[in-house]
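Note that the chains take the letters A, B, C, D and E in the order they are written out, and that residue 1 is the start of every chain.
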Amino acid sequence: GGDDSSSSEEGSSTEGGGSDLNLLEEGKFTTASSGLYKPFSFEEGGNLDGFDIDIGNAIAEEMGLEPNPVTTPFETIIQGLNTNRFDAIIGSMSKTAERAEQVSFSDPYYYSGGAIFVREGTTDIQSVEDLTDKKIGVVGQTTYDTVAQEYTEDIQYYSSDVVALQDLAIEGRLDAVITADVVGFEAQNEGLAVEMIGDPLWVEQPSIAVRKDDEALLEEINKALDTIIENGTYDEISQKWFGRNLLDIDLEGVEVLE
Amino acid sequence: MPEIITTVYDVFMRTYPGFLEATVVTLQLTAIGVILGTVIGLVFALMKISGSKILQAIANIYITIIRGTPLIVQIMFLYFGIVELYTMSNFWAGAIALGVHNGAYIAEIFRGSIQGIDPGQREASMSLGMDRRQTMSRIVFPQALRRSIPPLGNQFIITLKDSSLVYIIGVAEIFSLGNREAAQSYQPFESFLVVALYYLVLVMIFTFLLRLYENKLDVDRA
Amino acid sequence: MIIGENIHKSFGDLEVLKGVDLHVKPQEVVVLVGVSGSGKSTLLRCFNFLEMINDGKITIDGHTVNPKKDNLTKIRAEVGMVFQHFNLFPHKTVLENVIEAPITVKKMKKEAAKKLGTELLEKVGLGDKANVYPSKLSGGQKQRVAIARSLAMQPKVMLFDEPTSALDPELVGEVLQVMKQLAEEGMTMVVVTHEMKFAKEVADRIIMIDEGKIIESADPKNFFENPQNERTKQFIQLVE
Amino acid sequence: MPEIITTVYDVFMRTYPGFLEATVVTLQLTAIGVILGTVIGLVFALMKISGSKILQAIANIYITIIRGTPLIVQIMFLYFGIVELYTMSNFWAGAIALGVHNGAYIAEIFRGSIQGIDPGQREASMSLGMDRRQTMSRIVFPQALRRSIPPLGNQFIITLKDSSLVYIIGVAEIFSLGNREAAQSYQPFESFLVVALYYLVLVMIFTFLLRLYENKLDVDRA
Amino acid sequence: MIIGENIHKSFGDLEVLKGVDLHVKPQEVVVLVGVSGSGKSTLLRCFNFLEMINDGKITIDGHTVNPKKDNLTKIRAEVGMVFQHFNLFPHKTVLENVIEAPITVKKMKKEAAKKLGTELLEKVGLGDKANVYPSKLSGGQKQRVAIARSLAMQPKVMLFDEPTSALDPELVGEVLQVMKQLAEEGMTMVVVTHEMKFAKEVADRIIMIDEGKIIESADPKNFFENPQNERTKQFIQLVE
C-alpha cells in the first residue's frame, strides 16, 4: 500500500491542488465558453482556441491546476455553472447587476466596447436611436440582447455573435447586430462586409464567473489573474490575439455597463 | 462548381481529425441511446401486453408524453430541468435523453412485433398443452424478436440523426463541431456540406448493413 | 370420450352457441357441418378451452372440467387440435415442431422425443422432411406435420377445423388419407369439413349446426338420404 | 410537489401571451412544411413510379440525401449554406427546410400507398379496357389518396414536433421562446415543462382529429 | 372466336407456357383444369393481354393481335375477365362499378350506362344492391357484381379464373348459376375451375393443362370416363 499513500501525499502537496476549492474534478480547472465567439473562443477542427481559452489556461496554471476548457451554448451558460457542469465561466461574460444575482464575478479580465454593426454601405443607421423598430440580431441572454430590446421587438436570436454578423452581411436579413467591437473587427478581418457605427456605446467588463458559494475559488482566481497581469503573461496573450493590451483603456468619461 | 469542390475538399481535409473524434461521440450516443431504449422499450412493451390495467396506463402515459413532445425539449428538460433531482454530464444527459426517447418508440416496435405474430401461433402452442409462459418464451418471443430487428435497425439510423440535437447541451458530436467550424471559418456552405456528408455516409453504411442482415433473415427462412 | 352438455358461448352481445349437446363416444368419428358463421369453429375451440364457455359443461374422458380449478394446460394437452392454417412454428424445423410440446410439457428426454417424432413423421409420410423448415413445405405437407405434432402429445381425442380448406384441390387427398388412417386406428375425432366424400366414407355420425344449435345428427346414409330438417336439406343441395 | 404545480402555473400565466403567438408561428411552420412537402412528395412519388430510369434515379438521390441527414443540418444548410444562391428570411428558410424534408418522407408515403393498392385493381381496370391513365386517375389514385391521409396526418404531427428545430435559425416558435424563457427566468424546470405541455396538447389535439377522421373513413367503407 | 397458337410465356427463367394451342369456337364453353402452378391463370391472362406472350399468336374474332401495333386497350375491352378475388372497386358503389368502364372507355352517356347497369344487376339478381358499397356484400354477391361489370362492356368472350375458389361453399352455387345462365345464352367462355360438377354439366370441352402444355382435351363424358393421359387420370382421381 506504500504506493497509494505516497501518490496521495503528492497530490495534496501540489501548490493550490484545489482540494478545498470544490472543483468538479480534482486537480482540474473546468471552464466554459460558448466556443462560438471568435476570436475569444472558437473551435477549429475540434481544438478549442482563442483569447478566453488562453487566459483560462494561464490562470489554471497559476493555480497549479490542469486547465480543462469546455463549451456550452451561451444562452444556458449560467444554468450550466449553477448546475455544477463546470467550475467557472471564462467566456467573455460581462459583469452585470442582474447576472451578479446568480453568480459571483472576478475582477474584469478585459474591457470591451458594445457596438452597433451594420452591413457595409448602410445609410439609414447612423446612431443608436436609428435602431428603433429595426431588425436586430443578437445572442440571447447577452448584454446586447438587453439593449436591443430597448429599441425594437424585431429581434432575431443566434447562438453565436459571429453567425449573427455573417447573417448581417447577407442582404435582406438583418439591419444591425449589437456585439463587442473586437468581435466585429475580427469579422471584418475575415472579409465580412460589415462596419461599426460610430464609437463603442459603452464599455463592458468581461469577468470570470463562479458559483455564489465558491468564495475560496473566486479568491484564488483573482489572485492568479493579478499575477498573470503583473508578470506579463496577460500582455503576451492579449498582444498575440489583438496586437494590444485589452486592459489598457481610458475609462475616463465613458459609460461602464453594470 | 469545381471551385466549390476544391473548397469543400479543403474544409474536409482541414477538419477531419476533429470530425473523426466527433463521429466516435455520435456513434457512442447512438449506441447508448438505442441500447438503453431497447431495455426501456422492452419493459414498457411487456407492461402494455401485461393485462394489468395499471401497468398499461403507466406505459401509455409514458409513450404519450414522449411521442407528444419534441426530442429537443426532452433533452433540455433532462439536462437543465431536473438537476435538482439528479445532475449528469452533458454526454450522459444526451445519451439518456436519446434512450428515454427511443424507449417509447421501441416499446411500440416490440408491442407491434408481438401482436403481429399470428394468433394461430399462440393457439397452436396452447392447444399442445404449453402454458402462457412457455408459449411466450418459446413460440411468440423468438418470432417477435426476429421481426423486431429490422425496425430496431431503422430506429438506430433515426437515432444517429437525432443525436445531432444534443449539440444544444454542448456535446461535441458531429453537428456541434460542424456548427463551430461554420462559425469560425466563415465558410458555412462548405462546413454544413461536410457535416451532411458525414451523416450521409454513416446512414448509408448502417442502411447497407441492415439490408444485408434482412436479406440473410429472408434466406434463412426461405 | 368427450361430452358437451348445454354449451353456451357468446362474444359480447352475439350468442354464437345456444345450448349445444354433443356426446362423442370413444373411437367415434364425428363430422360437423354447417354454413359459415354457424359456430362450428367456436364449438371446437370450446372443447379445447381456447374459448371459455359461458354456460354448460364439458367432460373429457370421464372428468368434468372445472375451468376455475383445473389445470387447463394439462387438459388441452389431452385434446389435439388441427387448424385450417396449420399454424406450424416457422422458426423451428419440422422435427422440432413435433418434439416441442413433448419436451417442454411432458418433460420427455430429447432423445426419446426425437425417436417418437421421427416415427410420427414417417407415419404421415414425411420422414425425409425432419430437418426442413415449414416454409419449404407444400400446404398438404404442412398439414400432415401439424397432425404429427398433435399426435406427439398422444391426445385422447383430436379436433380438426377445416383441415383441408386452405389447400389446393390436388393436395386435399393426402391429408384426408392420413385422417382416414387415424380413424381406422381408432382415434376419437371431431372434424369440421366441407369434404362430403370424406364424411360419407369415414364419419360414424354427421352433425349439422345451424345458428349455434345442433339441428341434425345422423349416420352418413341417413344424413344425406333422409335429412329431417329443412335447413339441412338446403345445405345438402348447396354443397352436393 | 404542490409547490412545483404553483410555480409551473405562475410561469404559465406569466408567459402565455407570448406562447400563444409562438404557437401560431409553430402551426404556420407546420402547415407550410406539410403542404409544401405534399407537393414535393407527389412529384417525387410520380417520378419513382414513372418507369423512367432517369426520373427514378433523381427521386432516389433526393430521398436518400434527405433521409440520410439530420433535419437540423438541412435547416442550417438552407439558411446559412446557400445564401449565395438565394436569400430567404429565417421563417421561410425554416418552413422550406421542413417542406423539403417532408417531401422525401411524403414521397414514400404516396409511393407506398400507390404500390399498396392490390394489383388486382389495376388488372380489373385494364381488363375492362381502361388505359393506363384512366386506370391511374380513376381507380388507383383515389384509393391511394385515401390510404395516404392517415400517414399524412401522422407526418403533420411529426412536423409539429420537428418545427422546434428552426429555433436554431432564430424563428420565434414555441421552443425558441421557451428556451429564452428558461434562460432569463432561471426557471428551466418550469419553463420546459410549460413548453412540453404546449406541444403535448397540440399533438393530442391533432392526434384526436386524425383518429376521428380515420374512424369516419372506416365507417364510410364498412 | 378466340384462338391461341403456339403460345409461349416465361417469367424470367421460368417457362410457364410451353406452346399452347387453344381454339375456342363461338358460343363454346371451355373448362380449363390442372394442378396448381400448371399455368392456367397465366394462359387466361395472356388471352386478355394482361401478360404479353413471348412467342405464338392470339386471334380474337378473326383479328390476329399484334401487341406492338394494336390498341391493346380496345382488345382487352372485347375480352371480359372475372377474377378469383373479384377485384371490385371498393371506392365505388355497385352500380358505379358496373358503369365505370362503359362511361370512361365507351364514352357512353351516364343515363344510358345507368340503365344498362341496372339491367345487368337485375340479371345477376342484385337489382336491389345498386347503391351499396362492395364491402357490404357477401363473396357470392361480389362475384356476381364482377360478372355484371364485365358484361357491361359487351365482351365477345369471357374468361373466368377460379371464380368460386374464394367463396364459402354455400355461396358457390349462386355464382355458378349465373355462369350457367350466361352459357345457355350463348356466351363464349373459358373457365378455370375446380367445380367438376359444373364442368360436367356446362362445359362443351374440358382441357387439362400440365406444366404449361395441353395434355388432354375432350368433352366432359370422355374426359372423365376415358382419359388418355396418365396425369389426367391421376388428377381426376385426386379431385373426384
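The definition used in the following text is that contacts are C-beta pairs under 8 Å (C-beta built on N, C-alpha and C of every residue); 3 or more make two chains touch, one makes a residue touch a chain.
Just so it is clear, the structure is predicted and the values come from calculations on it, not from any experiment.
Undergrad: Starting at subunit C, find the fewest moves between touching chains needed to arrive at subunit D.
TA: 2
Undergrad: Which chain's centre, taken as the mean of its Cα atoms, is farthest from the centre of subunit C?
TA: Max centre-to-centre separation from subunit C belongs to A.
Undergrad: Name the chain whose C-alpha centroid is farthest from the C-alpha centroid of subunit E.
TA: A
Undergrad: When the centre of a chain is set as the mean of its C-alpha atoms, what distance in Å lies between subunit B and subunit E?
TA: Going by mean C-alpha positions, subunit B sits 51 Å from subunit E.
Undergrad: Using Cα averages as centroids, what's the distance between subunit A and subunit B in whole Å?
TA: Taking the average C-alpha coordinate of subunit A and of subunit B, the gap between them is 36 Å.
Undergrad: Distance between subunit B and subunit C based on Cα centroids, please, to the nearest Å.
TA: The mean C-alpha positions of subunit B and subunit C differ by 46 Å.
Undergrad: Please work out the Cα centroid separation of subunit A and subunit E, and write it as a whole number of Å.
TA: Chain centres of subunit A and subunit E, defined by C-alpha means, are spaced 83 Å apart.
Undergrad: List, in ascending order, every residue of subunit C touching at least 2 other chains.
TA: Answer for subunit C, listing residues that touch two or more other chains: there are none.
Undergrad: Residues touching two or more other chains, restricted to subunit D: which are they?
TA: Residues 80, 179, 182, 188 of subunit D each touch two or more of the other chains.
Undergrad: Note the residues in subunit A that touch 2 or more other chains, in rising order.
TA: Each of 76, 79, 159, 163, 166 in subunit A touches at least two other chains.
Undergrad: Which two-chain combinations qualify as touching?
TA: A-B, A-D, B-C, B-D, C-E, D-E
Undergrad: Going by the contact rule set out above, which residues of subunit B touch subunit D in the complex?
TA: 64-65, 67-74, 76-77, 80-84, 161-162, 164-165, 167, 175, 178-179, 182, 188-189, 192-193, 195-196, 199-200, 203-204, 207
Undergrad: Quick one: which bits of subunit D touch subunit A in the complex? Just the residue numbers, please.
TA: Contact set of subunit D toward subunit A: 80, 83, 87, 89-90, 168, 170, 172, 176, 179-180, 182-184, 186, 188.
Undergrad: Within the complex, which stretch of subunit B touches subunit C?
TA: 118, 120-121, 123-131, 134, 138-139, 142-143, 146, 221-222
Undergrad: Sort out for me which residues of subunit E touch subunit C in the complex.
TA: 35-36, 168-170, 172-173, 194, 235, 237-239
Undergrad: Along subunit C, where are the residues that touch subunit B in the complex?
TA: Per the stated touch rule, the residues are 48, 50, 73-74, 76-81, 83, 85, 87-91, 100-101, 104-106, 133, 135-136, 146, 149-150, 153.
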